[in-house]
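Going by the order they are written in, the chains are A, B and C; count residues from 1 in each one.
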Amino acid sequence: MTKRGLRPARWKMALFLVCAFAGLVPAQMALNERVARYRNTPELIWIPSGRVLRALSLGHNGLLADIYWTRAVQHFGSQRVERKFEYPLLAPLLDITVALDPQLLIAYKFGGVFLSAPPPLGAGQPEKAVELLRRGIAENPDEWRLWHDLGFLYYWELKDYKSASEAYLQGSKHPNAAPWMEVMAAVILQKGGDRETSRFLWTEIYNSTEDVTIRENARDHLDTLRALDDIDELERRVAAFRDRAGRWPESLQEVVAAGLLQGIPADPAGHPYQLQPEGKVTVDPSSPVKLDYGPSPGSL
Amino acid sequence: MAAIEISGLTKDYLVGFWRKRRFRALDDLSLRVEPGEVFGFLGPNGAGKTTTLKILTGLIFPTRGTATLLGHPAGQPEAFLHAGFLPENPYFYDYLTPQELLDYFARFFPFTPEERRRRRDEVLEQVGLAEVRDRPLRKFSKGMLQRVGIAQAILHSPEVVLLDEPMSGLDPVGRHQVRELILQLKADGKTVFFSTHVLSDAEALCDRIAVLNRGRLVGVGQISELLRRQAGYDAVIEFSSPDALSPLRPLAAKPLVISGGQCQVQIPEQELTRLLALCQRDGLRLVSLNPLRLSLEDYFVEVLRETEPERSPAAATQ
Amino acid sequence: MNSSQTLAIVLNTFREAVRDRVLYNLIAFALILIASALLFGEISIGIQKTILINLGLSSISIFGLLIAIFLGIGLVYKEMDKRSLYAVLSKPIRRSQFVVGKFLGLNFTILVNTALMSIGLWAALFYLTRGFEPRDIHIWEAIYFILLQLSLVTALCLFFSCFSTPVLSAVFTFVAYVIGNLASDIRAFGELTQNNLLQTLTTGLYYLLPNFSNFNVSAWVAHGNAVGREVILLNTAYALCYDAILVAASMSIFARKDLK
């Protein structure tokens, strides 16, 4: 067969290939949803032991740690997206991650925040978070900030001001520690839970973390604290109105009209505060600022 | 000093997977090759020719016995300064060109860079590969590879050249070229020792041969002498009457061939005087007498048969 | 004379490896993997550089291992199988020079490969961080340790090829590599069981087999930490010593071997 004779054969082959692919694609698309049912892998970790994994990794434990860290992050994100808010695998995945790479600081910090926070924010396992951070401190004696993470955990979630103060004190002994560590140790011991202290510490977390999720979480907490401050101030002005007028105002407009307020203030997200009966002020329900980011009831 | 001296060489192999049996590849071989000879090493396949060559080139170690090349123990670096080797079915790094290959091998000898280059070019000319010096070896035909092999064997102008089946797998042109090269080496005064099972090559080139069978030396010497030992004479005799032939029959090695008034008779060498004496009598007249031309092949087959153990008890003997 | 002969073997071994196209595929794969680490880093938050370094070092290590095993097995066994060895050994050299030359040639090849892959890693690092920090220098320490490990692998390959078929040699080498990585865990396991015999056995194994876990510092340097100078010296000494043992053993096995 001459080369010229080959050309029609080659065209036919090309045509066949194009048609075949044209048939493949819709088939795959039809399969996509239907196969998902069979593909749903259960929430399992096949090898739960970090030490075993480390041995098996044949020297590639750093890479494996990065992979497990990614899994942890994705688990956290996907649980939130699916609105499940339980995060059952977060603690085991973080355990494995730090077993593989004890110097992966971000894993300890992430765990410190999101293992301890109550649902829907986090897994609600503060003891696990404490354990994780203590491991991190043991493996990374130079990282004084881990003492801060631990101390803050005791302070914010567990309300254990004595342990919190001890942690800040321990951390402050480190030669590179920031001077406010020592200050915090004293303040917490003295005043316990305090909005200024909390604001300071959350600001510290916001400024020092390199992790986007943690930073956003800190910002949300700071917004909440701001809102709480605003609400306190507003309720005071409303009370002043009542003292003057002898009744609760109907709306914040009235308070403005009475000259006690410059304008209707908005929360850090830009939603105006709302006046409730009996002089209570609340945040607009549709605002992203949530008061339950504040400390748990019974304090501050 | 002998070019090659082999004395009492024995090589045993252990064969078998579970129970090891001893297989004797070479049995007490002793041989001497003089300088300047072209020496042929013959034998059927599996006789031990390659084993001998491998011992001479240090690739395997003998169980007993010694071998030396120009007085140096075989396989030692000193021996290789004066000897070159062409292996059977050679394979050279096929990603190299002949020029690169020869240059690489030349580095193992005490050449200066200019000497190395000069010698490499000379040898390429000598084996007729100068034109393809830059072609990668993977593209070479068998005959060309064989010539490369010879080139690397004579690169350092060794006094002794060892060739293992140099003609194997070559077409007639290739074989002619290799023959020419061997003759050229002889003309240069080198000693050439090669193994082959192609008898015509041995006949054409060798001064002396040795025949190996089943690890044993069964014959060694100049070809002409070896053939003569087994040969005899072919006589054509005129006879007056059939009765006159009867005294001839016991002398003959083969049955008489009679046609017309003449008979053709083959006699072994030692019977010559008796035959001549018989022809002096009446009734027989000697017409012609010629020495028998035994071919090397005949000799070969004969000597192999003699050294084979008896196969069938009913073998007919002459 | 001897050393120039051996050098000729070294350079020829390198030349053979370079003209073997398999090598290029492996290097290309490694470079692609390192480049893809930049993508991978986008998914996970906060530790892009760490991930890049981890993936880069792991790629260099794994591909280096593959290259070492394939080259090591191929080059020595191919010579013996295809008998290109016969022509070389009929030159005025000792068999030991051949073994040493092959070993050094293989290591030189691996050095060049590793250097190429390392350049890929540094390029990716530069692309990610737009500059280098002083503590990045410690990545070279991890790469150096990978080279030491690969020299051990090469020595193992050479050793096994002297008496075993290519497939078996590859298997033995790989098994030795795995066990070598688990060496400290094996010893720890032995100490855990209160069995004296098992303890002696595992401790003996620990000191006998090449301990590859000594060289695993990749995760450590990925966080910008330095490796102690003593450790560098001791590891170098360990590798050189063990290499010498394996090469010497190879030389003596090869010196007495009947070549088919």
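Following the convention adopted for this analysis, a residue touches a chain if its C-beta (ideal position, glycine included) is under 8 Å from a C-beta of that chain, and two chains touch if they have at least 3 such contacts.
None of the values given here were measured: they were computed from a predicted structure.
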Handout entry: Centre-most chain [mean C-alpha coordinates]
Key = C
Practice task
Please name the chain that ends up farthest from subunit C once chain centres are defined by their CA atoms averaged.
Solution key: B
Exercise for the section: Report the inter-chain centroid distance for subunit A and subunit B in whole angstrom, where each centroid is the mean of the CA atoms. Expected result: 90
Completion exercise
subunit B to subunit C, mean C-alpha position gap in Å, rounds to 50
Exercise for the section: Would you mind pulling out the distance in Å between where the CA atoms of subunit A average out and where those of subunit C do? Expected result: 43
Problem - Touching residues (chain side subunit B, partner subunit C) in the complex - result: 54, 57-61, 77-81, 83-85, 87, 89-93, 95-96, 104-105, 107-110, 149, 152-153
Fill in the blank from the handout: Listed in rising order, the residues of subunit A that touch subunit C in the complex are 55, 58-63, 65-66, 69-70, 73-74, 100-101, 103-106, 210-213
Practice task
Quick one: which bits of subunit C touch subunit B in the complex? Just the residue numbers, please.
Solution key: 1, 4-5, 8, 12, 15-16, 19-20, 82-84, 86-94, 256, 258-259
Handout entry: subunit A-facing residues of subunit C, complex
Key = 43-47, 50-51, 53-55, 57-58, 61-62, 177-178, 181-182, 185, 212-213, 215-216, 218-220, 222-223, 225
